[in-house]
Every structure is written in structure tokens, then in C-alpha cells.
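Following this message is one structure expressed as C-alpha cells.
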């Protein structure tokens, strides 16, 4: 049986379309999602199938439409809000951070917020500083939200389906650089549970933990390091909240060394949090402190070479691995 | 602007260099072309030239320290500059490379510019063992505890002399070398003063592995701190050799091939039941009697793989049949030679056997493998004239030499243990039960 | 010159016969009076409890504005969702929340409408379709738009019928300058969303008089017209006027599925919050507005019509006082939230340190009653 292959963006659309067919409470809104077919063609053809009441073009008004969708979610609808880029979500910070993740708590359990915010996160290609935000750094700080970051097409579908069915608000972080990535995607219902990391590559010497696009950098580094005789175990965390610490710790107990790769800035980030949690969970199994590879602690540069160096690229990951193993 | 001298690339393959000697000091004037330092590369010791005139403002990397090519190693004040001012502001990179031998390995998110200098391997740096506690990685501390290894006896190879996992494992691997190398250990290796090289001897310096260094250190420590004495007994091996031949013949179809050593392992383990002090350790102010009987078997490694010795542990040997002991020993020995043993496979031996019989050695003594209290050194079973029933006859005999820790085991105890062993070896059917 | 400082409107009305002014039944009129009395008494006791340190944090008193919450709520159906800002006790009570849940919430007790996790500014009542109580100025305006969007979506897409609900979104005059409000209005106008933005224009955003912070303050509804939203100016001190005019607005919005904006002129008799010495306005101004007290006005009108006499009014007042007193006793007796409540209601799902969610007493009591 040959495996069906889809692009990452098609896998996202398949998840949304299947859920919209199954549940009328699900609808999609955002800038250019309908008549333009999506700025990145994720929602191509959906207007045709579902009509303008469920595939809704919004004006450039993130604070307004994000807040509006949250109000709708409080009444039991299940909106999918597309941010053309998560960079633009900053102007919607109040609704997405102050309302969505806190509504259940503030209302003492009366009003949940079953909503999905999704869009491109992280550096694209030379988009410059304002359009290259990795919001996981800031947003993962907030309790009450869930955060998923798929790295492969099958997870794009599986995690998004789970996100749409989830009763809690989900921040779904995609990468423009992965949208054309092809991979096997199961047909029909495909759910990937939250809080279950996946070992993408097994190894003995060091554990590399990452999320989203940098997982590919990690695999690239692991390949290169194998030639040096270093065997890397690469873990794709898949969701940051909930975090599957168990899988990470199990691996670290085996390898005794760990490198966390996170495309957000280092200060107060998922990377720093995961490093701290590893130190707490298995300090006595570590042969070195947990190393971290982040985007450089500067605004995202435009120039190609600077941007490449800025990213947590394979070379920087390999350097960190060698340091972690005292072979630098 | 001051001029930064960096570790030069003095060979095509050089990635790191060690400053053997500075020929200048801070404050000295240097002229372009002067040899400011001798640098050891991966291939040779080379001279490092200055390319500018000036005054040495700051030496950033001391003698004996190895740093990557490109690392700042000194600052030169140019004409008109006050060296004192330069001293105040060495580049961040230089600072990291030089001063602190324990740079927290580079924060991976630091700018690329720093990357080449940051991962200074402290391995070859002078150990930063000040008066304080030794620096130990968490897992190294745990492993050391598990193996009863004194951290103070280890030199760390991590940053700032941090003791890391590989240092402990090297120690664990080396521990067992016990018997066979006793006479081979060159005393000077561990002697407080290094042997002076005598040119007339035309000596070649051989780099030694971590394992070799550990062997040297541990055996000196064992021999110097444990009050060793030896007790020897000869066993008649006729019955055992007959039994072995008969068993091997019967079990050939099952690919079982018992060795004399397998019988020895089982015999030693069973004898422990009657002589628990042979399965014990001296613990400073008390003796720890172990309940589990784990017999270590010394395995020599091939020269191609760097030589050395490891001890493979046959756990709960008193509970295992000859056939199980045989299979396990064979499998551990071949694994040790092919790809090495895991920590688990080398740890927790409570008594050790070293057997050089297969090399034709007929009699030798061994050094105790701490924290054991005894080691049995066995030579070859040799066919020789013996006296049986007041008659001269021909028989198989083997010499067994016990080395003992007198703090735990006295001479008479040793004699009784050997007697038990002798009765088992000479009536080997008892080992089948 | 703000029209709000002109007391003229405070003395108008009340002369025409009631039948010309309202289609409400006598029972409804008496109920409005009872609701306003309840809010008044509740707020007085709230101030007392605050000063007794039984209530912490920020606390904003609704006294003076009772006619707005009561009149607006009476103008719509119970199924129409309501959302408001942080001066929310009046809306909660007008919507039908038993005052004991409201008081217990402020006392930080498990019996509070939000189990003591929301506090004064965050009153939620699912059985009564009250969607909060929101603390960030203007933040509730996109939410209110979303509530109305949802009713329309449910009516049209899910049930396949015609949009038949409206949502009431209350905001203070200070919120009209928030960007979120402008975005909400644009979306509401653009998408034909039946949300009514009711600006409770009490003349001050905290201590800033409206003309000091807001352009076109003499004609706030121009800020809706820019988005194609019909605007209405309503005198908010007389509950009969409020209900009548709001009913007309709501009926139109419901019929046309269009948004509206109301400049509801009112006055808060107390400070912005409990810590406000009110130095930014004069005692004389306050006295003029107090002369137009909405409770007195309805009472006088009902006495004039013979629907109530002095004794009946006193009896009603006593009844309300007893209700509030027993609410306080109930709130006092309600236990503090168990410490495990710290980790409940963070997520619906139970995982890691989070303990899942459960409905508060305000919901479960209702279910038990059924």
C-alpha cells in the first residue's frame, strides 16, 4: 500500500475541513482566508465548500476579530482564528492572553474558551524583525492555554484536529518554511494527542529536544554528528503546553546529556523552562548542565547570512552537543 | 588600538595549540619577527612570531594551556598606548578563553563571534583543583558512589577539572586489572617525581590512555594502602580435568565448552558461603560483609584496542550453574574485547579471579582489586611428578595464590578458605550439585 | 459644556401618565423598583463590607446608575447575552443573579459565582446569560460583538433560521477611546452583528471628565455612525424611559440584525472605586444629580399612579434589606475555596498539576432546583 503524501499546508486544511464537515460549530476566520484562498494557501478552496458564513474574511483588525472569536467561543462555538503571522497577534495580546486563557478560571468554570489560534510563527525568509516573531517565548508563559508546534505534515493534521476538538484555547504555531514540506498524512480521522513527545531519532550519547521547525535543524545536526561518532536522540516535543517531560527525562536518564533547541529567544523561554525542569527531574543523571540553543538574542536581522546565523541552525546545535559531551 | 595575538594555525591540520613557553612577559617590548612563544601543535613544537612592534600588555593564556586556533592569547600595546589601559579591557572572548578554566561551556545562544574561542577544552588545562571541593558532574558523582570510587582520587577532564562521567567510567574499567599486571606496572608512573629523561637511553615517550593512567593509580593505591600478603596452595587437578573432558564431550552437541576457569569461579563462589569474610570489604572503621556473591573475572584486552584489563562481573555466581557461568563469562569476555562492557557489566564484583594459565604461567601473585579483600591468582594446570600414597606418580597440579587484605582476613582464615576450595576442586562432582 | 452637567433632564418626565410612557405591567414596574432597591442596598452593604475588609482588591459601586442595568435588562429577552465591564454588580443582580453568589464572590468564598476566583470585577452567571464582568477597559467590546456573532451564527448556520437575538455590551464612557472598541464597531457594522453597545456615560472615566479625554463628547454616537452604526441618546436616570427606548432599539436590532450604539446618560453617585475622594467634581454637581435619583423617581411615579403607597414601599425596602442581610450571612458562612481550587478551572482537561474543572454553586444550585 503506497503512502499518501501531502504538503504540510494541505494537511492543515484537511484537518480543518474534516472538522468543519463534522461539526457546524467550527468555523474559520482571519485575514484573506476566504476569497484570496489564504495568504499562504492553507485555506484554499474552503470558501467554495463552506460558504462565506463559515469561512470569514476579516479586516486587518487582529484585536477585534480575535476578541470577537473569543466571545463566540464563550457561547460554545469553536472558532479557528488564522493569524497571517503570529507576529501580528501582538496587537491582539489583550484578548488572546487576558481573555482566552483566563476565562474559565475567572468565571469559576462557567465559561471555557474552545478556540484555536493558528498561523505562521518564527522567521520566514528574510522577513525582518517585526515579522519573524517566535511567540512561544512569550505566550507559553501563560497558564490556561495550550500550545502545539508541529514539525511534520502528519502532525500538522493530527495536532490541529486535536486542537479543534479541545475544550481549551490552543495556540497552534506553524512555520512558513514548513508549509511546502511533504510527508505521509493519514486519510480520515487522524488525532495526535497533546502532551506526547515523539523520539524522531534514537541515540545513546545525547538527548536533543526541540519543537516545530528547529526539529529539522536537530535532525540535520544529528546526521552530521553521527559521522563524528556521536549518537544523538532527537525528541520532537510537539506540544509545549502540555509538556511531555517524561519522554525527555527518560531519554536524558539514558544519555546523561541534553541540548534543548528552541527558536525563541533564550531569556524566559520554553528552552529555559525545559532546561530547568530537566535539572529538577534528573539532576543526578546529568553529566553536564543542559545546553540550550536559541535564536540569537537580538532582533531578527534581514540579511540572509545574518538570519541564517541568527537561527538555531544545525552547526550551532552540533557545537552545543559537543560542548555537552565535553568533546568541543 | 591594541593588537590581539591569537593562537596561530601552525600546521595544516592544527585545530588547537598548547603554549609550551612564553618568551616574553607582560611589559616586555617585542619587535616584529621576534619569537614570542613556543607552541605545541598536533604535530610539533613551533615558534610563534610577532608581526608587530609594541609592548606586551597582557598575556591571556598561560603556559601549558591548550586553546583552539584563533583564540586570543595576548594583547600588544602599540606605540603610544599605555599597556595599563589595555589591561583593563581585554576582549570578552579573550577573557573567556583565558582566565576562567571553568567557562560554563559556551551558552549556545551567544553570538557566533565567540563560538570559536568558547569551548576551551579544559582537559589539558592545569587542573583547577584548588583547596575546595572537587567539581563533579551529577551523574559522575552518582556513578562514583555506586562503584565505591573515591572522587578525590580522580582527575577530572571536564571544564575546570570537573570530574565527568567518562572519568569515572575509565576508573571503573581500569579497576579490575588486579593480578596480571602487578609486575608490569612501572613504578615511576605513579611516583611523586617524574623520571628524568636520560638522553643516552634514547627513550620514546608513549602517550598513555586514561585507562592506563587509572590502572597505574589504582594499583599503586591498592598496593600502598592494603596490607597484602599471599597464601599459596597446590590443587590436584586430575579429577577436575577428567570431569571437564567428560562433560564437554557429553555437552558438545549443545555447544557447551566448560573451561577450568568456570570451575574455579563456581568453586570460589560456593566457598564464600562458608567463609563470608572473603566476600567483604574494609570500610575504614568497619567491615562490610556483602550478601550478594559477585565474582569478577579479569579479562585482558587486545593491544590493538589499547590493551589494558577489565573485570567482567558474574553476578550471583553462587547461584549459577557451571553451564551458566561458562556462557556468561564467554559472552562478557568477547563483548569486552569487541566493543567494551557497560558500567553495569563491570561493577560490583566482591571477589576477583585472575587466571594466567592459558598463557602457560604456572605461578604468580596478584594485587587486590579494591574494595575486594582477596584475589585468587591461578596458574596453569601442569602435568608433573606428584607423590600419591607414598608413590611417585604423574598428575595434574595447579598453583593457586591468594592475595589477601590482612585488615579483613587473617592467615588461618585464608588457609581454611583454600582448604575448602581444594576439597571442591579435587572432588569436582560437588560443583555440579 | 457637557449636557450631563445640565440637570434639566433630571426633572423631566414623571408628569405624563404612566400609560403613555410604558407598556409595562404594574407587576413589572414594581419588580423594577424592587431590583433597583436591591442594587442600592446591595451596594451600600458592599461598601460597608469593603470597609470591614471583607472585600479586597478593586471595588466599583453602581449606586446612581441602577436604572440603566434594570431598564436595559428589562428591554431584552433572558436568552439575549449580556457582557459588561468591571462596575458589574448591578448588571448581575438585574440579570437575576441571587445576591448571595455575588456577595460571596466578593468575599472570596467558594459559594461565589466564580468560586471566589473572579472578585468584584468578574461576575459571571451562565444560567442568566451574563458573560462577565471584565476588568480591562474596552476589552469586553469585541467579546460582546462575538456573543452577538455567535447568536446569529447559531440561529442562521446551525439552526438554519433567521437571526433572532441581540447582545447587550455595556461599557463606560472611558472605554470609547480604546482601540478595541473601534475594531469591535467596525466588525459589527461590517458583518451585520446584532450587538448593542451601551455606553454608560456617567461623565467621568475615573477622574477624567469626558470632555478632557474624548473628542465629540457632546455627540458620542458620532463614533458609531462612522462605522454605519445607528446611534441613540437615552436619558438613563429614569428606568421607565430606559426600558421603553432600549426596547425599541433592541427590537430594531433584532429585526434587522444590525448593531446599535447608545449614549446612555447617567451618573455614579459614588467615586470611581472605593478609594476615590472625588476631588475632580463639585458637591453641587453631585447634589443636582442626586435630586434625580432613579429610585425616588420610580417610587414617586408609582405612588402618583396609586400602584404603591408609602407603607408598601417601606415593606418592599425592608424585604430587600432582609434579602441582602441574608446574602451576607450566606456569604459569610460559605467556606473559603479549598486550596486545591488554585489548580482547578485552569484547563477543562485534567493533566499535570491541573485538576480539571467543575461548575460553581450558582450553576449546580439551579440544576438541583429543576
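Chains: A, B and C, in written order; residue numbering restarts at 1 for each.
The rule is simple: contacts are C-beta pairs under 8 Å (C-beta built on N, C-alpha and C of every residue); 3 or more make two chains touch, one makes a residue touch a chain.
These numbers were taken from a predicted model, which means no experiment stands behind them.
**Student:** Looking at every pair of chains, which two share the most C-beta contact pairs?
**Tutor:** Among the chain pairs, A-C has the highest number of C-beta contacts.
**Student:** Relative to chain A, which chain has the most distant C-alpha mean position?
**Tutor:** Result for max centroid distance from chain A is chain B.
**Student:** Measuring from the mean C-alpha position of chain A to the mean C-alpha position of chain C, what distance in angstrom results?
**Tutor:** Chain centres of chain A and chain C, defined by C-alpha means, are spaced 40 Å apart.
**Student:** In whole angstrom, how far does the Cα centroid of chain B sit from the Cα centroid of chain C?
**Tutor:** Taking the mean C-alpha position of each chain, the two centres sit 80 Å apart.
**Student:** What whole-Å value do you get for the distance between chain A and chain B if each is reduced to the mean of its CA atoms?
**Tutor:** Chain centres of chain A and chain B, defined by C-alpha means, are spaced 47 Å apart.
**Student:** Which chain C residues touch at least two other chains?
**Tutor:** In chain C, no residue touches at least two other chains, as defined above.
**Student:** For the complex, give me every residue of chain A touching chain B.
**Tutor:** 256, 259, 265-266, 283-289, 291-298, 309, 312, 316-317, 319-320, 322-324, 326, 328
**Student:** Within the complex, which stretch of chain C touches chain A?
**Tutor:** 81, 83, 112-118, 122, 124-126, 131-134, 136, 139, 141-151, 153-154, 156-158, 179-180, 182-184, 186-187, 190-191, 344-349, 351-352, 357-360, 362-363
**Student:** Within their complex, state which residues of chain B touch chain A.
**Tutor:** 104-109, 111-112, 115, 119, 121, 123, 137-142, 157-159, 164-166
**Student:** With touch defined as at the start, can you tell me which chain A residues reach chain C in the complex?
**Tutor:** Chain A reaches chain C through residues 24-25, 27, 53-54, 56, 58-59, 61, 63-77, 94-95, 98-99, 103-112, 143-144, 146, 166-168, 195, 242-243.
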